[in-house]
């Protein structure tokens, strides 16, 4: 099986995504292309990095994960291939791959430079079509990634605001809002469990306080936000039958705190 | 050929749909996944039921129709597989499959419970990924559906407002509005023909009256709504070159009546 | 490899696109369907024609390009198949294929009429499903296109506003705005180079003047629009990190002029 997963900020009103697929299939007719998301906000590197991180590990071994959110296209930013134990990651070296590579460390990193594998003429504005799509198609065909450029040692990382932790509390923030208005925080299950273990706790966001974790979205009422560990293992604030985002007027960056007390 | 059709309310701004496809392909690399719709309004069971009903029969025999519009995820609602003469239907037991099953009666209904076939760890908030996707992939692979749980007798039905019919008239309503603003009613071709046969008729919606059926959207003018039997065999109100929904300010629930008189 | 590319104005909120794919796969299980775009503005023939023209040549030889933007569905407009050296084009004869056929001239044109290959019963409102999808699936299977109807000589052309050229200047206009707010003009690379060769030039749009071509979107500042030859070889006006369309309040039809002077 030969799968390329695709994340871009190209949207669906133009033909950019379709053209990239055409280029891939022309080189590698066996490629199976799976869209993860194309509605990334234009140039939102963090949003794309988060969606990749929470999706990549569900794919079969050897999937090529291609991400084209590339505000620096045509400038001096590098174009990279990262080989890990299970996958290949391809994209611009702007941090968009870095959150995933914390979970799945790089085995080999190549800077793409060998024009032999590019689509000609190469534009300066659409490397998704001219460079990333053909390179991904060739990787999937089994071409040795050392053919595509030279080995490098490190990649750009994203500067994420980290969760502040004391023995009694956690201070984090909203990092993603999904279609349903659920508010995903940067507080993951492990850190949450460690701090709240055997203690009473309260979760505060805006002027609301939540005293327990729910199991599902069906708990709580229309005016009563709930908290749960979501399906990607992050603490999430939600509203039964409604949008927590609308109700709380929360957005990425809104603080969320967890404070504990002895039982 | 192995096809899974997909209807969800997950939208396309997150990675939920891509992750479900990854799970399916990891289990069954030969699966061909066809998106019917992911832009169902969040938790709009009736909308999803309608789109499934008007689409399913165009698919090849043995297609697995998977629907994940599931406001009750994680609660006590059942998860079901319905085998019919030609297809498999998979989804939550909340009525979303029921309109289709009026046309294609169940041969066997299974309640899904065998955790052996689930993705672990099972979340309480994303059964699309953890339960419905893997089960659908295994069905497509030919796994006997009796392995997945226990047989049950009946499923939840939707409470639809029915068309009221007398010998001289029909009272129905708008049940769906498509992208073009065409207004689909719950009055189907058969019932319409039965009541209007050999009679003059008028169709009333809001303050407008339409005296005939058109053949295509190109009849009528920009301020003159037309009525036709649409491609899914429902009476539909449309506007040549415009949106009947905008023009008439009609929405789901807006009444539509047909009254007849002798010629 | 057997590819059908798909452009429609059906959007993604209904099931029209999924149903067309079902019909194609029922006839031809080997078809690989690549979406170019479904978010064409309803009935925007020119927009669809432009997206097809800039996408079709990236596809493998023998791809069937199917376009269903068809405001005249059910009326007397023809339904056509155009065979060219490398591709097949299928759609309504309303000009939507014509821009592409300037670059890739027709070898044979068939008017579709043989009902044997249609889906029954044929609706008057959804020829995408009942006529164009099955015909495309049969073409891809290798069926001789002369079976589908009778040969005709010519097709409808679009009336495009042409670029006005003197030895010193070019007058064109915006013809397309992409997701990022980039403004695509109808001035292509060849004509631009011919007029500006060895001369100083200025590009004017609204009250702004641009004196040079940039290489990439990363040049220029947030209040300083830039001009470049885009990845499809048209002169394009853009804004680094922003939307030129929003900033300049430009839209399709907005004039763009290039004037030159000796160095």
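Chains: A, B and C, in written order; residue numbering restarts at 1 for each.
The definition used in the following text is that a contact is a pair of C-beta atoms (placed from the backbone, for glycine too) under 8 Å apart; a residue touches a chain by one contact, two chains touch by 3 or more.
Here the structure is a predicted model, which means the values were calculated and not measured.
Peer 1: In graph terms, nodes being chains and edges touches, is this line, ring, star, complete or other?
Peer 2: Per interface graph, the chains form a complete graph.
Peer 1: Could you classify the chain A-chain B contact as same or different, where same means more than half of all interface residue numbers appear on both copies?
Peer 2: Different residues, largely: of all residue numbers at this interface, under half are found in both copies.
Peer 1: Determine the centre-to-centre distance between chain A and chain B, using the mean Cα coordinates as centres, and give it in whole Å.
Peer 2: From the centre of chain A to the centre of chain B is 32 Å.
Peer 1: Two or more other chains touching the same residue: where does that happen in chain C?
Peer 2: Within chain C, the residues that touch at least two other chains are 12.
Peer 1: Which of the residues in chain C end up touching chain B in this complex?
Peer 2: 10-19, 21-23, 25-26, 29, 42-43, 71-75, 123-126, 129-130
Peer 1: Any idea which chain C residues touch chain A in the complex?
Peer 2: Listed in rising order, the residues are 1, 3, 5, 7, 12, 32, 34-39, 51, 54-55, 58-60, 63, 178-180, 215-218, 228, 230-231, 241.
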